[in-house]
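Structures given as structure tokens follow.
Here come two complexes built around chain A, the first alongside chain B, the second alongside chain C.
Now for the complex of A and B:
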């Protein structure tokens, strides 16, 4: 019997709190990303930047440009959240390809938590940009009759965001596992190459959708 | 047929039927985007970004079916 993809395996317990595998993997990823960023930005120079700095600048500028084009606004206030989301998702989706590790995003909890972050950030940034009353009034546009539908849309967007990420990453790993158990050692290699692409595409889509939602709440683009 | 067999059958039907609609829709979306890029190559950036977002939206339908199938197989409330 294959273990259920809907429940996360428990690694150890701290008293009543059980620490599951995705939480542990996320801690590892956080440590790697934080230490990597700290080490890479230790020696930044304006003249004659090093190789690492040039690569980092490329990443940050690409993120900046994509977010700016999507939101049609200055990306600077949103780059910390959306950029971190993208970098975390990209690394998290790709950890599934390292032998012995499993993507934390292949569990519903991680995907749900990330979608919750996006949902709360959307509300907070919307309130900050338009004021509490102005933001809440946006839910009753174009007519107050649509108020329940707009609130429902806000919640289902977050739900579909989490389910999309979870479903894609989990199904990719699931298919690789099934093909491996049916066919043998090297047969799933093309599937893993596809998973490499899909993981990055999913990270991109999650970030872009978060940018679209936040842009809609802030008012820089049409509410999606 | 007991409830297990019915669950497995229904999960298979959910995934296979649920894949048809999104597959056709994604094909149409990609075809339209290709045509647009061929006509206006300078708009390729905007088009492909919109295409990706749209594809993600369409794909969600298939993913919902997959989640229903998984619920039937692994978290069935009637077993």
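Now for the complex of A and C:
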């Protein structure tokens, strides 16, 4: 039986726990991001910062500003979640462009896991901001008749979030793979450039939608 | 296609761990340094505002002081100008007074010199006139007859004196000798007849005998001198010219003395 290309290949297993390729790649990304951050922030200076520090400050400040403008609230409490979401997605989406590697987000498990995290974080932050009853009452607005539809919408939003990400990244890699196998070595380069842009756009879309969902849950913006 | 539950779970855990790691190693230090820089910038801004405010206050103070200095300068200038005007006026007054005094002194000196010159000229003129008159009278042939006539007039003058005056001519507390010795000086020698006539006239006038001792003195020009024991009766041109000279020069001496007294009074007052 031929293995489905959409299934995550198992690299090894630790007892019942199977370690698949996206998990392994994610660990690698985690190591790169964490070590890179630790090294880059080792000698931060208030006066006359270096190029790396300036780039880091630019990234963090841009994330902070985008989150604040989207949620219309203080971005500080949401920066670790949403900022990490964007940085991980951006790096993970671009991993597929590296020969021999495959993007973790091209597997439905990764996209689903991220969507699940966003869904749970949305509920948790909503309850924390508005109280359990106040948050739950929001599902019955504007009329209790819409309660099932609101709950369904909450789930489908997360589902669409994961499927959008998975579909875009997976399809891009598939197209590049097919063109590479059919045309030759340098033909897919424009498609790879497009995939580069697509990966960043998908990271941005996923992060902004997550910010909108969380902002709606905590009440800082109108619920979508 | 199937969904691997372990992968789903591990990826969710991986993401949360990554979020925690990045929070610790990326966001927190970067946000801290940004906040510190903003605080530093804010401090610098506040300090700059404070420095600007201080500078503004200092500038206002300096402008106030400068205005005060300007007023003080104007006041000092006005005072100095006033003092200078007063000193100039005082100097001018002193100069005018000094000039007036010098002018008065010069005028007085000139007046004095002019008077002295006039007096000297007048004296010279008088002396010249006397010399001319003496020469003219001395050269005249009538000197002898004039002398004789002067002798008669002198005897008549003695006769015309009051009794007390006549007595004073011959007496001086003691009784005069008898006959009374008289020295008769004449400009020209007198003849015996003239002498006898004169003796007779004098004895008549004095009421006692007279012993005449005749002599000649050409300096008399014309006329005689009667030398009594205690007094002299002069009746000659020499005496007349001397009296004229005295009369001519008396006014000048009087005026000179008066002016000298005035000048001495002014000098003492100055």
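Before moving on, here are some points about what is shown:
The working rule: the second predicted complex is superposed on the first by the 220 of 224 C-alpha atoms of A that agree within 3 Å, B and C clash if a C-alpha of one lies under 4 Å from a C-alpha of the other, contacts with A are read in each partner's own complex, and residues count from 1 in each chain.
The rule is simple: a contact is a pair of C-beta atoms (placed from the backbone, for glycine too) under 8 Å apart; a residue touches a chain by one contact, two chains touch by 3 or more.
Just so you know, these numbers come straight off a predicted model, no measurement behind them.
Using the contact criterion defined above for the overlaid structures, shared-chain residue A:6 touches chain B and also reaches chain C. Looking at the shared chain after the overlay, A:23 reaches chain C, while chain B stays out of its contact range. In the superposed model, A:160 makes contact with chain B only, not with chain C.
When chain A is checked against chain B and against chain C, the one touching more of its residues turns out to be C.
Look at A:212: by the touch rule set out above, it reaches chain B but stays clear of chain C. Of the two partner chains placed around the shared chain by superposition, chain B is the only one that A:168 touches, whereas chain C remains out of contact. Applying the stated contact rule after C-alpha superposition, one finds that A:91 touches neither chain B nor chain C. Within the superposed three-chain model, A:103 lies out of touch with both chain B and chain C [touch as defined at top].
In the superposition on chain A, A:122 contacts neither chain B nor chain C. Shared contact residues of chain A with chain B and chain C: 4, 6-7. Residue ranges on chain A touching chain C, taken from their complex, read 4, 6-8, 16-20, 22-23, 26-27, 29-30, 33-34, 37-38, 40-41, 44-47, 49, 53, 56-57, 60-61, 64, 76, 79-81, 83-85, 87-88, 104, 107-110, 112-114, 116-117.
Partner chain A is touched in their complex by these residues of chain C: 1-4, 6-12, 14-23, 25-27, 29-34, 36-37, 40. Listing the residues of chain B that touch chain A in their complex gives 45-46, 49, 52-53, 56, 59-60, 63-64, 66-67, 70-71, 74-75. Across the interface of their complex, chain B is touched by residues 4-7, 66, 69-70, 160, 163-164, 166-168, 171, 201, 204-205, 208-209, 212 of chain A.
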